[in-house]
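By letter and in written order, the chains are A, B, C and D; residue numbering begins at 1 in each of them.
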């Protein structure tokens, strides 16, 4: 045991010094969970780069938020839940006031912990769909969308293509999904929709991480569905597209969730992926002002996190948005709890709950056109459910639909039911209006 | 340093059969327990508890279980993760389905469930050996991974396949804060370590080692391979199953099958190899080493300002683990535990080697 | 003073083959209580295979083996052991990872009755049992004069002593019939003398019947009462050392002259 | 019926790739008694080397010729794999001579982790592309016979042919060349081989190099189909049942075992899977092998094991 004790003592000591460094006042600390290794690295890396670059840019351009410098530390999770928990525990000790786990599994593991630690959890476009209900999930913020809204939008879009949702009757829609909570989360909604419109839903699981999909696509070939929804992440996406090509399934009939529609997924498939569609929460490309600022203040100074030419890619930009929302929450909180102060987790939570990013604000932030306005409330922790479909033309993504929005009539009741079930299991009571003011 | 056994004469075989025949060792053990039970909870930060001590304790327990199978009985297993999973999900099911089910009972039930599976997949070991058995245990791994995702009742019908527990308590005492969780895990580890130690130094332990070292000879002196191997599988997977329950309940609180995937199995096997095959103590060393090393490597850049990005750090972890496995297999097949005991040997003779 | 008694072990028409290879053909011989019976023969004569048949490692295709008149054809090693047959091995089959003490203790396992849980908890009976058996084992350790090595892992001991531990493990079973497979192979002169002494003592003091495979003719002729000679899996001679010495087939087999 | 043929064919094609990986296992096991768990990592490592050199070499030497780039990249990758073999022999094998199988197996687990870490450090963790000009699009055949015809993936066909050729070459290498005969001698009995003066060390380097090249070919085929990424090393796990089924020591066993497993898992996934909600192929292959083991512990073509005392 001696050796153990020694190494722990060492670890503790080092830890102490480390925290010392980060514990100085006037610094808002952002823990960055990331995965730059393993099966999901291709998608995890640009995402993480975007977050870092945005922080660097804010510090360089504005000197932080009202004078509060922003610090960060990145922790490699490798998409593994237990590693994620370790990272969380380590970084929370350094004054984390908001966290984005970047993985559905880690989100599930942290959901209980953050409530106890009073640290809000941003799960932009992923995580627990039910957590959009802020009355039960006080600390979760699935901003801009959840798997349910995503699935809903896809079905709507396909409906439009067919010329009306009623036309879906008798159609076959297959979902090729990552066999994990991430891939299974949308099922309840899809089942709901298939009941409503009478289309047949064919579920085809792909064992994680999804390097070997031959039989999945043989099943597609067997059932000959009218559409295929792709619910993959990391290496699974590109593999799926290659297998689709190999089995000759028309890519035009394939629709991916917004985690299956980025450059790494299609780049090395090239023409093979031509015509493939996927949802997207944000634009890509280097034209927006915020990207220009990043190039100017960060990359031109040689402080860029990733390769310059990947700046503005789909997932990179999503990283920016997440980081921006986190920082805006801090800004919003400062407006109430004192400008130029370091915000606590509870204060940032209030900020996240009272975000009001109208077009004017977005333009000011340099996000004009990148995303739709978003405003959250105590009840609604999602803020907005806008997304567009973009299509790969063999060399680049371009939008092929106008903004879609999930159907409240369907989502709301489902969220309510699920949230109540969760509250029941966890013996939680819904928040009172009074609590919303806090 | 006064580390001597001179003058400590054993008046009876029983006293010679104590776990720690040497007085100094007994003192050290007591000291260690005091440290673990009193001091650590007092001084350790919540981070150290939740991110290092608790995982260490639980994984040490699992490694202990695996060591009985691999280290003592010589039956390799690449499916330990599966047995942990079974333990965790079985415990989860009784916990959630039966109202007011005491926590400890659920965890032990998890252990039993894992035992059943363990014996089931142990049966091939009667007919097939070594490499082939490794593959058999892999079968268990993949099957369980699949079952936990696919069979609704395993996850109590949770649509996402992820499950979580809350409001843990033992006889009303909550198991919520890091310290409580730490102590809870510690008790489990201490108790099972003691029981395991008794087994391996008793008749059954000798049977296991006999099968490991020379199975034909063992059979000739009347040891039934069937009994020896299956008990090893049973005991091993029981402990591993309980560890699985603790991992889900105490450490993660909410988990998905991926928490017990094949990487976990390898991780545990590495703990046993590095720590020391056929040594209870070794399981502790191994777990400590493998839990702490990556954290230190991750930390390095920040502590010393060495410009290693997180990716490189974790690649480095991979490489170091790999290298160490080979190193220990070549240089010291009995792992850190043997290094430790040789150190003690030296100490006994010090300052007069021979 | 020992006296030769009834037939205790009766081997009858044993034939054994691996795939096509015939290891033993139609072997018959008997062993009387308290006697020292040697099996000799050139390498590959099937001596070890014979022992392996007797204690159930191999299942002969034909023939029967009777212990104290109890005939058996297919019997596993455990049953044989329970009937009081112990065995040492030609190329040491000790449990290398274990101490001398533990190695010999395994010989007592048949005598230990306490179940898994009692052992885990180390409650009274289990504890007591352990101590009792330990007592017996210590007697064997004294008898074989290996006290200083009690706690040493056998792997680290000199070869000659390992042979003793092997014998000790067999003796711990309190066998009625003791099968010794080349107990003196690779020993120097005085090691051989020690070993012969032990064998004779065992035979005297405990009255154990001994079946012995040995190459060293000197030793065999000195200590054994009767000798079986095997060659190419066939029995070519059987009788007292002197009879065997005069047997033409045996001589030719050993001198290698064809007939 | 048409679809059944497609599944069958698909299974055979995947099976061919499994055989290729299994072949690596068998070669190494025959010659050095090592159950090389690292075969998958070697496939990954080789494929990554190939993919990256294909990008780098043109940059370094400033030319733009796909074929030349591919050839050079392949050559470079071969050298890398030989280096790997050499290092493994130097640092690991020769220190573990005559160790137990389990020990060796665990050592290769160590090698696996090292190679995975090292590979990602050298070559990165992204998805990389191997483009040896394999056709990507499928063709329909037998449309006359079945409605909708039978869809066959050209790339799979090519892959199968390449694999078959490689196997043939290996067979020749073993039967005809002196080294090959030496290898077989070593496989039969290490001590004996040593005693007649066959240098074990060199033999092992050769075998591991050959296995490395086999891994490279497998990696190239698999990589050009699905892209090269960290997860590629997992395909080794799918090849294990193949080795068990075919027998650890038998080259034909690896081939036939591969085909059986390939077809078996695809058919099971398609026709049995849906009853269980799908995703069964990974464990089905293992259970198949396991059941088989209980009936015939040494595998289809393996040699029988007898305990001597």
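One rule holds for everything that comes next: a residue touches a chain if its C-beta (ideal position, glycine included) is under 8 Å from a C-beta of that chain, and two chains touch if they have at least 3 such contacts.
If you're wondering where the values come from, they're calculated on a predicted model, not measured in any experiment.
Taking each chain's centre as the mean of its C-alpha atoms, the one that lies farthest from the centre of subunit C is A. In terms of C-beta pairs in contact, A-B outnumbers the other of A-B and A-D.
Mean C-alpha position of subunit A lies 37 Å from that of subunit D. Averaged C-alpha coordinates put the centre of subunit A at 73 Å from the centre of subunit C.
Measuring from the averaged C-alpha position of subunit C to that of subunit D gives a distance of 48 Å. Shared contact sites, meaning residues of subunit D that touch two or more other chains, fall at 120, 125, 277-279, 282, 307, 309. With touch defined as above, residues shared between interfaces to two or more other chains in subunit B number as follows: 146, 149-150, 216-217, 220, 311, 315. Residue positions of subunit C touching 2 or more other chains, listed in rising order: 57, 89, 93.
Against subunit B, in their complex, subunit A makes its touches with residues 1, 3-5, 7-8, 10-12, 14-15, 17-18, 21, 34, 36-37, 41, 45, 73-76, 78, 80-82, 85-86, 89-90, 92-93, 104-105, 108-109, 111-113, 116, 128, 179-181, 184-185, 187-188, 205, 207-208, 425-427. If you check the complex, the residues on subunit B that touch subunit D are 74, 76, 124, 127-128, 130-132, 134-136, 138-139, 142-143, 145-146, 149-150, 215-217, 220, 262, 266, 269-270, 273, 311-312, 315-326, 329-330, 333.
For subunit C in complex with subunit B, the touching residues are 55-57, 76-78, 80-82, 86-87, 89, 93-98, 102, 105-107, 109-110, 112, 114, 116, 119-122, 126-127, 129-131, 134-135, 138, 169-170, 173. Interface residues of subunit D facing subunit B in the complex, by the touch rule stated above, are 35, 91-92, 95-96, 99-103, 105-107, 109-118, 120-121, 125, 237, 240-241, 244, 248, 276-280, 282-283, 286-287, 289-290, 293-294, 297, 307, 309. Chain contact summary for the complex, subunit A toward subunit D: residues 36-39, 41-42, 45, 179, 203-207, 209-212, 214-215, 218-219, 221-222, 235, 238-239, 242-243, 245-248, 264, 267-269, 272.
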